[in-house]
Each structure stands twice: as C-alpha cells, then as structure tokens.
C-alpha cells in the first residue's frame, strides 16, 4: 500500500467526542504513516458537534506543525472518495436511542445494555443498514480502502459488512488492548513482550493464555493471587472456584452472562439513582464538548479518558499502520471465522489474534478452546446471525427468532413483549421494518 | 443374530411399574421374536415391588400359553449372564431423590424437573456410575448383548455408556413414537406411511418435517389450523408467530426453554398445591402396585397408561425385533453423533432417525437443521458432556462448570448455591464426590 | 406422490438397446406402480433405432395386456411435459465417440476407458451440456419430476445436475445391485436379507461390510476362501495380501487404479486383436437390433444380458417404486455428499446406501471408511469437479487442470498432448470449447 | 525461555558435513542468543567424521573468541541431558542406504528419490524408529527442550514425533527460506518485507501468494515474464498454461508428480552416467571432509554451499532465536495441521507459515487453497500416515497399503515387488519388520 501522495482518512461520525484521541494518534504516528488528509464527516443533526470537535482537531494539527489537512463535511461521499482508510464511529439515534435500549429491557426484568441483550440487538437493527449504506459509497468511491469499524455492536456490524458488501473491513474493540496493557504493567515488561490469547467473539471473550516474556502467566492469574491491586485486574469479582475450573479469564462483558442477577440488580439500582449508562455518558459528553469548545485548547483533554473506550485510538492507529506498512505484527481483531471455530459458520465474525499483513489480517487459531464455552459462544453467535439478517431484511419473524434465542431473554412471551415495545420505540430508525 | 435357542432378556430395574407393558409387548411380539427367558432383576430395596410385579408377569405369561420362563432375582449378574438384550429402567435414589431434584431448584427460582435443568443434572450424577457398573457386568458376562437404555436422562446415560464402556447400546425415549402415532391418527394412515424427521438430542428435540403418505405436512402443522382437537396436538400452546418463524415443531420439553417463566409458575403452583411430579407419580405408583398385587390380574391394567411413558414398551420391543431380525426399518433413537451435526462432538449422543440393522442403528442425517436452534442445542450438549464427566470423575469444579453453563441456570452464584445444596442432599448416592 | 391418473415416464435416449429391459421392468412392476404413459424420445440420428426398439416395446406391452400407452417421439419436450419420471440413457457422439475415448489415451500409454481416465473426462465434457439442456426442459415442463440418470459417467453427470439445475435427481449404477445379488446367491438368502455397505463414488467404490442375515461376511470374503466358484466373485484377481490389509473389497473399476499396468496390457492386447470395448459393443448392438426388428418378438431377448448393464432396469424400477410409494427401503445411489465425507465438498456426488423416501433418498453414513482410500477418493473427486466445471464453462485451463490431476495421467506434458488431440477429435460435440 | 545460564544445544548427527553451517550461524547469532554449550553427538560408525568436523567447529569457535564450549560425544544421552534445543540431522544407513532408495525404484520404472516415492518411504521406515528412540531420551533427560528436525523425510519424521512422543518439536526445510530469498533479491527489498504464502506439506508445496512490500507479485510470477534471469527462478521449466491455470507456483519436488516422465528419464540418464544423487553427494562429502581436516581451516568453507541444503543453518538459527526470544515473527515450518486443512487429520504434519512464539509456532491459515491440489495433497498424506504407522508397527500389510497408495507407484504388483526387494535390501535397518 506504499503510495506517492500521503494518506487520506475518512472518519464517519467525525463529530464524536472520541475524535481528539484519533487525531492525537495520527499526529504521534505521522513518522511511520504520513497522513495528508483527514476528513471528518457527520450528519446534519451532528453538525454542531462536528464543528466544535473539528475545530479542536484543526488546532491540534496546527500545533503539531504537520502538513495534515483537516476537512469537515456533512457529505460523507466527499470524505470517502479516494480514501485509504474509512473509520466509522456512529450512533444511529444518538444517546436517546441508547437510553431506550437500556431502559426498556430493564422494565421487563432483562439486562439493558448497549451491546449485549435486547439493547444490543436493537442497536444492531438500527446501525447495520446505515453502515451498509456507507459500504455502498466505499464500494463506489474508494474500493481499495480499508474500513475500520469502531461502531458497536462491532462484531455484528463487521459480520454484516462481510456478508453484505465487498468492502475490505476489520472490526475493532479496545478490550484486548487493555488486557495487553494490564499484563505489561503488572509484569513490568514492554507490551511487545506480552501476548494474551483470546477465544470468542466481540464482547463474549475469554483469555486462555497470557504469554509474558515467553511464560504463560494464566495459571497465576486464575489463582487470583491478589498481588495486583490495580483497578484493572481482570479476575476481580469472579468466583475463584468458577475461575479455576473454567481455566480461562472471562472478559468484562461476560458478567452479563455469568453474573446476570448481580448485573441486573446493579443496573436497576443505577436506574433508580441517576439513570443507566446512557445518562452518565450524556453528562460526560456535555462536559467534554464544553471543554472542546474552548478555543485555547490545542490537545486532547485528560477528561476524555473517563469517557470509556480508552486506547481505542491507539488500537486504530496501530491497525492502520500495520495495514499500511505490512508490519506482520499481532493484533486482536474482528474478522471472519474461516475455519478457526469448526462449530461456527465460516463467515461469522470472531475476535481473535491476527497477524496484520499489508493484505489484511490473518487469524491465529487459538491453541486451546475451553469446551465449557463452546455452547454459549454458539448460542450468542446464533442470535447474532439472526439479528443481522433481521436488520437487513426487516423481517419480524427473524427478529423474533433472534430475540427468543438470545441466552439472556427468558421466554418467547418476554421476547414478544420486548420486540413489540422496542420496534415501536425505535421505529424512526428502523425503516426496513415498516414495509 | 439368528440363534438356535430362544432369546434371553434381562431387565435391570425389573420391579418397575412399567414392567407389565414390556411383558405384554414381548408376548405380542413372540411370533417374530421368540423370547425364552425373561429375567427381572432389582436391588434389595426394590425386592417387594419386584415380587409383586414379577408375579403379575408370570401370570401374564402363563395366560399367554407361551414357553417364556420368567425369573426374578436380586443378583443382576445372573440376569445379565448370556443375555441377548439388557434393558435398564432404574431410578437411583427412588422417588425421594426425584422429589429433591424437583424441589431444590424451584426454591432457587430455577426449573425443577427430572431430566432438564439442575434436577436432570443430579439425576445424571447419581445414575451414570450405577449404569457403568452394569456395563462392567455386561462386558464380562454378555459381551454381545445389546443394552437398551430407558433410564433417564436417557441421552446423557447413553452418551456415558458410549464414552466409558464397550457395550453395544442404544437409548430410547417414547416422545418420537408418540409423534408418529399422532400423525398417523390425525391423517388416518398407517404408522408405516408416516415419517417425521427430528433434529436434536434427547428431550431437546424439534420436528422438522412430517412426511405422511409421501407429503410433508409440516407447513400446515406450523399454521396450527386447529383441525386436530386431540389432546396430543404438539403445536398447542406455542405462540403462532414463533412457531411459523421457527419453521419446526418444538417437542414438549422445549417448553422449559422457550416458556421458562410460564413453566416455572406452573411448577410453583403445583408445588403449592399437591407437590411436583414426584408426588403425583408416587401416588400413581402406589395405586398401580395395589392393582398388580391382585392375584386375579393376568394382564396389563389400563391405569398403567396414565403413568406416563406411553408406548415405551412398544418402542422397546420394536427396537429389539429390528436388531434381532435386521429389519432395516426407521426408528428414532439415541445414538452417537458421528458426523451428523458438525458442531457437536462425534461421541455426543443425539436423538435421530436411524435405520436399524442387525449390526445396530445407522443414523439418517436430517435434511434441514433450523439454524436458530444450533446454539441452544450446542449449549445444552456442552452442559451434558460436562455433567457426564463430573458424574464419572466426581470432580466438583467440572460439576460447577456444568451447572453454570446450563442455559436455565441464571448465574455462577445460583449455580454455587444449587450445587452445594444438592450435593449435600444427594450425598448418599454420589460416592464419587466424597473423595 | 400418490396420484389420480397413472404415471408418466419419459425416457431420453429411448432408442437405446437397453429399453426392452426397462419396459419389462415396468410391466412386472405395474401392480405397485401403474404406469399409464411411457414416452421414448430420441434425436434424429437415432430415429431408426427408436422406431425398431419402440415397436418392440409396443409389442411387449400389448402382450402384457396392460393399459400403458407407449409413445415414440423426436421431440423430447413433448416427452418431458408433465412427466413423473425422466430417465436419461444417452450417448453423445454415439459409439464413434466412445471409440475415440478408448483409443486416443491408449496411444499415449494411458488407460482408455469410457468412464475412467481421459476417456471418461471427454465423455463428461460432451454429455454434461446436453444433460443440462434436458434439465432446462424439466425445470420448465415437469418441475416436480424425478430425473434418474443412467447416463455415464453417472457420478459426474449427477453432480453437474445438482450443481447447475434445480431438478430433483438421482444417479444410478448397476454395480451395487450386482454385489447384492452375488451375496444373496452365494449365501442362499433373499436379497432383502443382504446389506452390503459401500464407500466411495461412482466407479470408485469399495465394499466395506457385507451383512447377510445379520452377520458381516466381509472377513471371509477378504480371505477369499475360494468356496464361491461363480464368475461374479468380486475378490477374484486381487492380490490376497493387498485385499486383507485393505480390509475392503474394491469394486471392478478400481482395477484401473490398482492394476493399471495389467489393465493397460489387456486393453492394448484387445485393441491389437479386435478393438476395444467400443467395437465389441458395436457388434453386440448390431445383433440386438436385428433381433428387435423381428416383428414376432414380444419380449426382452436373452442376448440383451450380454450387453452389460445387467439389472440396470431392475435398479431403475426399484428406485421409481420407492420414490413413488415412499417405501423407505435401502438402495445404493448417487446423491450429494452433504456431510457424509468430511473431506469432500458438500455438493460432490457420492455413491452410497440411501433410504429412499417419497421426498428422495437420505444417505446412510458408512460405519467405517478405510483411511487408505481417502486420498485416492479425494484425488479422483478433485479431478471430477474440475472436469464438470470445464464441461460447463468450456475453459481450456480448467480442462487441463482436470486432466493433470487425474491419478491415471502421468504428467503435464501427457495431459497437454491428450487434451489437444481429444479436443480436436471431439470438437463437434464440444461447442462450449469453441469460443 | 529467558534463562540465567547460557543455552545448551545438542546436535544429533553432529558429524554431518552440514555442521559447520550451523556453527557459523550460532556464532553470528550469539548476540541475541548466547549459546554456552554445543554438543555434537554421533554414532560409532560416524566417530571419525565427528572428530574431523568437531575439531573444525572448535577452531571456528576459538577464532570467534566467544565463550561457547564445544563437546564431541558418542553418547547422545550426555548431549541431550538438560539441553534447550536438540537438532537432528541423521542418516540411518548412511549414503549406502540412500543409493538403494534411489536405485531400486528406478529399476522398476518408478521415481527413485530420497524423500519422494518408495525411496522416501524406506528412508522413513529406517529413520522414524531411531528418531523416536531419541525422543525417549529427550522426554527423560530434557523434557522442556525443543527438538528441531532437519532429518528427512522431515514432514513424516515430524508427524511421527507428534504422534508417538511428548517432545515439543518442529520440522524444518530450507525450501521456503530459499523462496523468500529469491523474492527479496528479485524485487530488491529486504527479506522482512517479503511474505510468500505456502500451501501443502513438506516437499509437496505450492506458493499461493507472494507479498512483496505489501503487493502480491504472484500474478506476474505465474506469467513468467522472464525478467528474472537468476538460476533460482522457481517458475522455470513449468508449462506456462499449466502454471497460469493452476494459479500457484509448485515448488521443486512437485516435478516428481507433475513431470514424472521427464524426471524419470533424467534419473535414468544420470544413473547411466555417473550414478544418482547418492553418488554425487558421496563425492561432494569426501571432498568436504578433506577440507575440514585441514587444521588451518577456521571457517565454513565456501564449497559447503554446493552440498545442497543452502540456508538450512540460517533457518535453524532463526527458529531457535524466535523460540528463545518469543519473537512472534513468521517462519515456514512443519507443524501439526490442527484445523488448517479440514480434509486432513488434525495430527498430520503440514508445512506452513507460522508465528513463532516462545511457546511454539502458531500456524497461519492460508487465505486460499487451490482446489486442484487438494486431492494430490490428501493422497500423499494418506500414504505418509500409512508409512509412519508401518515404521512404528513393522506391519507388512500396512507398508503394502502405503506403497500401493503412493501416487507414484503404478500398481499393486509393482508395489509388492518393490516392497519385497527393499525390505530385503534394508533389513539391517528395519528391526521392526523382523518379528
């Protein structure tokens, strides 16, 4: 992918509060990957935020002294045309929709979460058609571009792109890079000497080995020796006997499956107090945009890190660099299954260690798949593939099947009730379901 | 398997209230399959019942005028020695244990059922070691015998026998034969003209086609046209939209998964009233044995049909005949998966249409596996294989993993609570867990 | 498939010398399967033979007294319209082409055979496009009809129909039924008590068990005890140590692979004397048609049996009856692999025991696949699938790859020479390759 | 694997003429991987050569000034005890046996080659038991050591070690590294910017993509534009139409399969002149050892490169370094298949790009497997797995099956003749076959 001119990057959803992270990453990575054009595109409703964050981006670049042109646009096709990379960080229906995704399931006694459970399903239903519209533009205007999906539910979105477009694409989550950083810090070694192995799919992920300086540290992590006091300790909160007999460290989102009752209580309590995550994020974003609007600000503000999604930008820039330079290094990415899991369809998206070549990621088969998790993995992937199809076809029966077969939905009758209420609540963003 | 002398059949758990059905079947089938010896074996605690039911069996045979010798014994090895068929219909811990299997989960808000959920798991933990002891005897004393498993959970027991013994064995459930009879009756055609196709495993089973006189009647069954008024209509009670978008008829036990809340309410209500199924069966059995004790009774009493397990005997005798005669007819049986479901282990037991040859059943791959059910199927089979291993090893960690990964158990903490309470309650029948 | 009116059968290639066998079979089977219309269709060049054999057919029916209407036509669409069964027994390029298929490879030191090796490949290249044309007609005029392929190479033709049409179809070979008859005769038991198990694909087939009255007779067949003196003994001619270490009986066509040198010598010697099989068949056919032309002849003449293809008709009528009546009996047929052989594509045709239901055959997974044969099986199927694609696309490169990867073709240079010469020799029948 | 003391390396077959290459590699790599002990072990018959080459090794080390202790021993257990790496470069039966492997098949009109065909099979039969004896020592004396197999047939030896020992092991061939060097040179880029992708098994290998600076150069290599004049051009000699329709570059050893006739002629001509490769190597070795004996020689002599096996040492030292340091770089190695090729057994050895971690290599699934080659690949692997089993069991029937199913052996009768003659000729080195 070496090229004469500099690199063009299009950010769909450029008005997101995350953008300053990405801009910082591109500036720091300029030496290896000289970006010449950065296009921030957003929709009309996001125009104000795009203006604010875009101007901060311009000030950041200006301070860096680098020859990067920052463009703001409401016409995503202009941003995409001839791009080398297209990243997506969109939220269809904005935080108002997220609030519904979190609140409605809760009112039926079901986990209310943005990427997991009925909430995640409706986020997928709203998002996938919009993402596929972006794909149509990429196919036409930048057929060689790599699409990097940050948009949640990232695994399902990536699978939809693989199934329904010809766009070269990769899905990205920050969870794996956080694990890597935790290990490097805990064992006081550079990240390059750390290689955790993951099994599963996006947000349903187990760490099954943790090579640090060539030694697998998983056994001591499973024992939870308590020597790591940091807030990031991934084994915290898990039943010790469960952990040791599982033989793997479940990542955060598995609490929704393994500690369903506790998470439900937590969510209900939060709702009773100040609201679910949607409300929290709403407040954080408001504060962030107040900061961004400060015309003296020329760098990413510290407070952004509390927004969640730490190291997203680092993950993204790492990936772009490896694709651009053909680094052949190992990153954990969302890619098609191929033959990795023989019990999942070949075109299912999985989250897995990959060698990132100039032609794209090549997945590394995990050495070990705990047999305990195969069933759950298959059950969630079954739901995901049904939901993806429902998103594209707008078929209510398929949506019902997806909902019923989600492991967190207790029965057909609850699934029907949720489906009715959520289809109605989100109807403005579900044109496929109107016909 | 054609032989000079007549056939010897050993019934382990011969004191069961089901035995008269089997005896009736053997008498009716004598023309094709001449049984010369019928051995009813039971344990000491069952001696009284064995006596009662055994004497009824003798009277039935005597009335038939056939040269079948009926033997009663408390020494199962004597029964097994040289047998052609060994059937098992045992209940380790008797109905008292069943009661615990049903009540304890309910007290934690979890389905309490004999074959499904934590109850089924503990039935497997108690039963499998005993069954494998029987297998040791068969390997030694009747290595060419076919073992027919009626003992629940039939799928798990069969899988355990396949994995941990060299005994030729088949698992049997009466659910498929009931479906067949329903179709034959509804469409007024002989059973031989009816071929339903099933997908799944024992007690987790979907009917995916229903050939009647060469025409697939599934579509109209899914529409639930209501033309069938009988109590056996298998589509009754299912949400119509769910049924038509599923494209298959779930069999009865799937209500525990698809209508969990409703079934839980039903169980709780029953418990509040007269007790769970254990109590009902207890009363029925008491009445049956009073009937059996009547020395003028020379045939299977009508009341036995209410015991549940209708047509079990017919299924059993059909299977014996086809194995004995090499009939190459189609029966729905529990056999190892082989390559039928590419997402399940090769040695997992599945319940499937088979051609029954003299050398054993050959499974017929279903033409269609609804993708919606793959995940649930895989999840339950994952639990089953963990539970089977726990039964054999007595490993608590493995038992915990089995419990946690059962789709009906909501969390690790509930699993721990259930495990603790049930291991304690059943400890007399779980010697493997004592070490 | 039960129907009011009688059954309509269309025979494409109705002028074949085999037709009287089929007619006899339909007459004998009338009780179970009442055929009302038999259409014999052929092409113009075959008009004379159609006339001769068609008139014999009419005389045979007349003698039987059955109400079957026999129609002769040069318009195959008329024959196909509304048919219940369409059988194909065509030879594109007639015996002249067969002669080239046999002679040209021989002149390059390669096996010259009608279904195996370069000859079989060119027969496939000529035949498949014509068969797919027939499929187009069936899709339009008789979409519910079953197509029964007798046309060689039957496995490849069947696979092509599966891949490139929507026609319900089955491929048929007489080799399995001959094995069955051999076993029944040798062990003096009815055919219904005999169940040989086969592994492989059409004309690349091993018998891996031989249930006779419920006992597997394979071990003694492999020892070749010599007690069977009949000409049909399938183990005759095989090296005894090879046979016993193989653990399976190779069927006839495997001599081309396992005894290549010997078969080559035999073919060369035959060529030197009176010519290859093409010449022999030519003479036999000439004699047969002289017999057929005798207007006093009202039955199938004995001499037809020497034509080869014994019991083809019996196999065909058996299959039609089982499809028509939903007999659920076991027949050995060419059907798509599905998941039977996990190392072959799902849509590859295989020859395997099937239960024949009214909805079509369901394959029975072999209990045992000798691992020795997997490689050869895969190699030949690889060639077949390339040749099928070449037949449809007319792509010379694909044809070259097919030829090179045929196990009987020793090198790229020989493949090129054969390809050049045979494409030229057969060009009139290879319109796809002209572009 | 970082360790306090330096690294101990044991070279089994240390008296090989290749040893100076390895020594040079270890000296050059000392900075990254500090070797403290190098043990050269050999058998008694090799004592003289061990002395000669061992003394050269000592002089080379002395000149380097590095603190590496070089030990010579006839007791391989002493060499293995506590080793970090054990490499094997043995030749059971010496060059005299190789000569038989090459000459005997040729006398039957079959390819006579050291690793391919009947010759390779007999090399495997002789070598595998000896290698497994070495494994027993490693299991006992150095259970954490990595075994690096250079011994041919490297793929089969590696598979045998995987199947029949617990030793951590990798097989190595120099063919892939040569391809890499060719690409780097041809496109004037560092090797690190070159990533060829290979499909297949040892000595049956196709290059299916050739990433150079992020661009796939395979298409132009297949066109064979002739711009590369070097002697190493891998497409030289292949039929252009064959190459382009294959869509992959076959590696050298495939000439035995694709150009069988030509290779046979070449071998026969060589034999008629000065003898086969065995005789050539014999002469080269004689000259090399004369050079090695020169006490003033303190470095690897240039002439060694003509011995064949160029870059073997580089490949070996690269692999040791990556295992030692956990470099996570990509190397082409012989490792177990796992799920990479779904048509081969999981424990079959394959030759494939791997990421080399401190815990061992992780294979990278090829993006594309030309379907043309699947059959041949499966056929050769079928032969290999039979031959490996024959080597271990000494079962003649299994050996016959291996020979018969080798694609280069034309018939059972030739296989029998070859087997008889070669078993007799090599009997001193085939103790397993004596019983």
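Just so it is clear, A, B, C and D label the chains in written order, and each chain counts residues from 1 on its own.
One rule holds in what follows: a contact is a pair of C-beta atoms (placed from the backbone, for glycine too) under 8 Å apart; a residue touches a chain by one contact, two chains touch by 3 or more.
Only a predicted model underlies this, so the values are computations on that prediction, with no experimental measurement involved.
Chain C has its Cα centroid 56 Å from the Cα centroid of chain A. Chain B and chain C have centres, each the mean of its CA atoms, that are 44 Å apart. Those residues of chain B in touch with two or more other chains are numbered 342. With chains as nodes and touching pairs as edges, the resulting graph is a single ring in which every chain has exactly two contacts. Every pair of chains that touch is listed here: A-B, A-D, B-C, C-D.
Residue ranges of chain C in contact with chain B, taken from their complex: 1-2, 193, 195, 209, 211, 213-216, 325-326, 328-330, 338-340, 342, 355, 357-359, 362-365, 367.
If you check the complex, the residues on chain A that touch chain B are 238-239, 241-242, 244-246, 258-262, 342-344, 371-376, 378-383, 385-386, 396-398, 400-401, 404-405, 407, 410-416.
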